[in-house]
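What follows is chain A paired twice: with chain B in the first complex and chain C in the second.
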Partner chain A sequence: MKRALLALAMALGLPGVGHAETFTLPPFTQAYEPQGVDERGAWMTADEQERLLRSSKFVIRDDGLNHYVRGVFCRTVGKDRCANVRIYVMRMPEFNATMYPNGMMTIWSGLLLRVQSEAELGAVLGHEFGHFEKRHGVFGFKNKRTMSDVMAWIGVAAPQSAGFQYSLLGQVYAFNREQEREADMIGVQYLAASDYPSSAAARVWRRLMAEQDASASARGRKAKHGYAAGYFASHPSELSRATTLEAAAVRYGDEGDEGRAAYAQALKDWLPEFLGDQIKRNDFGGSDFILSQLASDGWSGPLLFARAELYSQRGNPRDYVTAAQFYAQAIEKGYAAPKALRGLGLAQLRTQQTEQGKASLRQYLQQSPDASDASLISSLIGN
Partner chain B sequence: MGGMMGGWKRLSAWAACALMMASPGLAQEKTGVKSGFILPPGSARIVLMRPSVIVGAQSTGGMFEPNADWTDEARRNIDRAIQDIQGQLGNSVAAYDSEAEEAGALSGEYRSLFTSVADSVREYQFFPGNRLPTKKRDKGFDWSIGTDVADLPGLSNADYVLFISTEDHYGSTGRKMLQIFAAMGGVSVPTGLHKGYAGLVDVKTGELVWLNADLQMGGDVRTADGAQKRVGQLFEGFPGRTMPLAQNALPGPAQP
Partner chain C sequence: MKIPYRFAAAVLVVTSAPAHAGNRLMPAGTPAQIAGTPLSVTPPIDWNRLGLRPGKFAETWTLDGDRLNKVVFFSGVPAGSPLFREIDRKNRPLPTVSAAMLATDIPVLLESSYRIVMDTALFQVDAMAPTSVGGHDGLRFSYSYTRQNDELRRKGEGRAALVGGKLYMMLYEAPALHFYDRNVEDFHKLADTVKF
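Showing the complex of A and B:
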């Protein structure tokens, strides 16, 4: 019922209806075919990209994870819409997701690490699907072409008109931001129509801002969160997105289970991997923030191990003291991987605990005698 | 951007880039052969990778507008023209098993790698004013995509891999109008891009033994006759060819 009402509201409110374009509105139907030279060209290009991407080494091929992400997507946008979209989960540590004109979507592992519930993931998936549903790719292309055509003519006819050209260029970016705003609204509407609460959408952006603050502050800088986007910004500012989405969620006033526990359970096996990728990004403040968010219900073994790695990677003498404590706590909490003993031993060696360090490393070698660094570690123990 | 561009320098960088996108290489050499490389007729088995073909228009502002119909047409025409010319290459040429190609990401990666290497050859050896010290003509023709190419599934019986790629941006009416008006004001606006690469790689060593790279190719690939001409040009200077395609002859390739 909720979904039917929403469909009606969207049909009445769609800016695309009555637009000068003569296209019929897509693609609730299965097997939508691109129309016109531009859209067909865009699909051809995307098809070629997909041919390469689907066999890329960066695609995570774990059936369980893929099935889970697709399940959240289908529960967010509904079964009829989700059927034709191909989702590729990419092993990339940045916060990002992309949508191609032909219905190919990528979700990056850095995003999976940062959202904390099915509803938050659904908000992003719905946003990306909104780009597809409203065919933003081809309209963005047309807009860019029109503007660059006009700029080329002006460049020839009136080379002194730099100000006007600058304003045309600004419109290209403004158009893109408008598309992002529209996709945000579609995403939050899907959420409101689903069993997930729409209030989750804004939280994604609030948390991202907090991470930027933490990251900047660890570097001795100050993050700036303006409401207005920059002149050449491709997206609206996080602050304005969060504010708009919060207002929308209040308007819809829907409730539901966010699926926090289910999300944590589904990501459990991948969490150490994604955390490892994040820690390699050399962003101490951001990584520590992500860890503390994940540890809101208590520090588990894998989280403690990741935190120990984060400190030993930064590598100040004092960091090894902290790292050694976290390694030890991780082992206490039952984190069984031998690499925790290795980390502990190395940290102890660097913090005047030579005998304890050697003992830890000896234990490490007992547990994994064939480790690739076995001879190096042996030489440190000195026997 | 020098002062010679006058008022143009005030164009935003973006618009300028759009206009310059199709700037052609000047006085480029087009062909390179590894020193001493000969390919006697009937001596080798050559595998042809799936040609990369992309065709579209160039908007007034210089943006590429991919065109699915033209690309389909061009792919069919080029495939047919390659079949026609195979008999004249003096050696057996077989298309890469497409099922093996689907199986791995590797062949796509090698196609991209070949294009990158070919771009470098064009940029740093074929362009006389821009040669790297190690790529002067007296240093020979020494390029490789790595010995691991032999690991591509399905190449166990092959001696050479043949890569072909073409990219065509046909100037739109608007672009040509712009060109005419700009010319009246003494400003040069290039229109169209017709880029083609063909290269032969030794499977055992990964060495690029022959390359033909041209940014101003002839032949409209959207037509059967044009594609014949294009493919003829792509195989100019192909080592071991049994008969030359005199009607399409370009200025002779520079010898190393």
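Showing the complex of A and C:
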């Protein structure tokens, strides 16, 4: 309904939709074929990459998860557009998503761990689809080729012109940043036209900045969040993206259900896996921040277990005390996996609670007698 | 046309020389010190030691090239040091050896290090068991992982011990397909000769 109203308002040029007046999507054809030698080449390369990706061990082949992500995508961009895109969910713990010229999209598990609602996921999916719809891949390639040609000829004609060539190189990155800004705006416009609220888009970047702060702080550094991007930055700064997206959301003033509960439910089975990947990245501050964000509605058993593992891995003497408490709380909350008893026992052994530690490990072995580390744990408790 | 080819050949020789300069045959029956530490092994068959070391306290041996089979020794890694050379200390620092480690923490340290160095989330420790390493209490463990750039599943086996607060570890790794099974006994025979 919201999509129809926005389309009508855009068609009539109503002032209430502000920026929407300048937002005109190119005609969308279901079976678009690449035009010209450059675009055909880009698609051919992407087709080959997709053939390799389809058999990659890093692709998560869970029908339920894939179906859910596609559903969010379709609700964001609309059924006609979503049909043309293939989404691959990748087991990669970083915050990232990629779009290829031929309509292949990858969503990384680290992104799924960090967004907290369907609307936030839709914001990223819409952004990526914007790259496809605006054919950024081929235009970016053409821009790079033109600039490198010009730089080569200038190098021949005027060898002392390094400063000018440096300036041209900067233009390549600036062009890329401009494409990212355009995709950001398309993404937020899709959200505004969907049942999801466009205000969710900026929150993704705000939270990412806060995670960077937490990560840097735990490493004794200070994260820098400038408004302007670096000269060779491929993307605008997170701060400028958040600010621009917030302003756009205010202009649209749309509302809707973000789908927080549905998102948490859909990710429930994968959450322990993705948290495990994150904790093993040796980023205490960032991981603890992500956990605290996920626990905004309360600490569940799996979240407490993950936090216990995080503290245990940092490995300061005081961390084992904290870890033992979190393991115990996870068990109290009904977290039934034997590995919680294992973690508890190993933490207790290192915090002068030798007898309690041995008791916990004995319990672990009773629950999991065929564990792959049973003989090692037995040797630790002197069995 | 000849000049560019000659030039290319010269560049190839110059650029490839440093990587191979330190490669050395480790002849059968001759005791070899590992990374200048008191740890030594006596190879039952000829092995090759690569000049390129993965870390300050580490060295790599191979039979057919490190992509097909390799043994990595970590000898006396002290508390506070990572297993491997840092790849991005500022943004992705490696975990370090801790004096408070238990045997069960050693595969965890290796897993976390590999996930960062190899840039992979497909790593798992498959089994752990107690064993003796050169007369010291230690553990043996097995693991497997896949790297993004080659999609080839590799299997590994390790033996490790903490001696005097320092970590000593030997890893054997090879593609799960064919090569792991082909040379795993060669690793066992080599690892059995370890002495402090």
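Quick note on the criterion: the second predicted complex is superposed on the first by the 357 of 383 C-alpha atoms of A that agree within 3 Å, B and C clash if a C-alpha of one lies under 4 Å from a C-alpha of the other, contacts with A are read in each partner's own complex, and residues count from 1 in each chain.
As a working rule, a residue touches a chain if its C-beta (ideal position, glycine included) is under 8 Å from a C-beta of that chain, and two chains touch if they have at least 3 such contacts.
The structure presented is a predicted model; accordingly, all values stated were derived computationally and were not measured.
> Between chain B (first) and chain C (second), which does A:56 come into contact with in this model arrangement: first, second, both, or neither?
In the superposition, A:56 contacts both chain B and chain C.
> With both complexes superposed on chain A, which partner does A:379 reach: first (chain B), second (chain C), both or neither?
second
> Once the shared chain is lined up, is A:42 touching chain B (first), chain C (second), both, or neither of them?
first
> For A:92, decide between first (touching chain B), second (touching chain C), both and neither.
second
> Is A:346 touching the first partner chain B, the second partner chain C, both, or neither of them?
Once the two structures are laid over each other on A, A:346 reaches chain C alone.
> Would you sort A:109 into first (chain B), second (chain C), both or neither based on which partner it touches?
In the superposition, A:109 contacts chain C only.
> Does the superposition put A:281 against chain B (first), chain C (second), both, or neither?
Only chain C; A:281 stays clear of chain B.
> Mind working out whether A:296 is in touch with chain B, chain C, both or neither, as first, second, both or neither?
After superposition on chain A, A:296 lies in contact with neither partner.
> Considering each complex separately, which residues of chain A are in contact with chain B in the first and with chain C in the second?
Chain A residues touching both partners: 55-57.
> Provide the residue numbers of chain A that touch chain C in the complex, in ascending order.
Checking each residue of chain A against chain C gives 55-58, 91-93, 109, 219, 221, 277, 280-283, 313, 315, 317, 320, 346, 349-350, 372-373, 375-377, 379-380.
> For the complex, which residues does chain A have touching chain B?
34, 37-38, 40-45, 48, 51-52, 55-57, 144-145, 147-153, 155-157, 159-160, 162, 165-166, 169
> Under the stated contact criterion, what part of chain C meets chain A in this complex?
Residues in contact with chain A: 90, 92-95, 98, 100-105, 108, 111-112, 115-116, 121-122, 125-130, 137, 139, 146, 148, 151, 153.
> Mind pulling up the chain B residues that touch chain A in the complex?
Per the stated touch rule, the residues are 6-8, 10-12, 14-15, 18-19, 54, 56, 59-63, 65-69, 71, 104-105, 108, 112, 174, 178, 181-182, 185, 187, 189.
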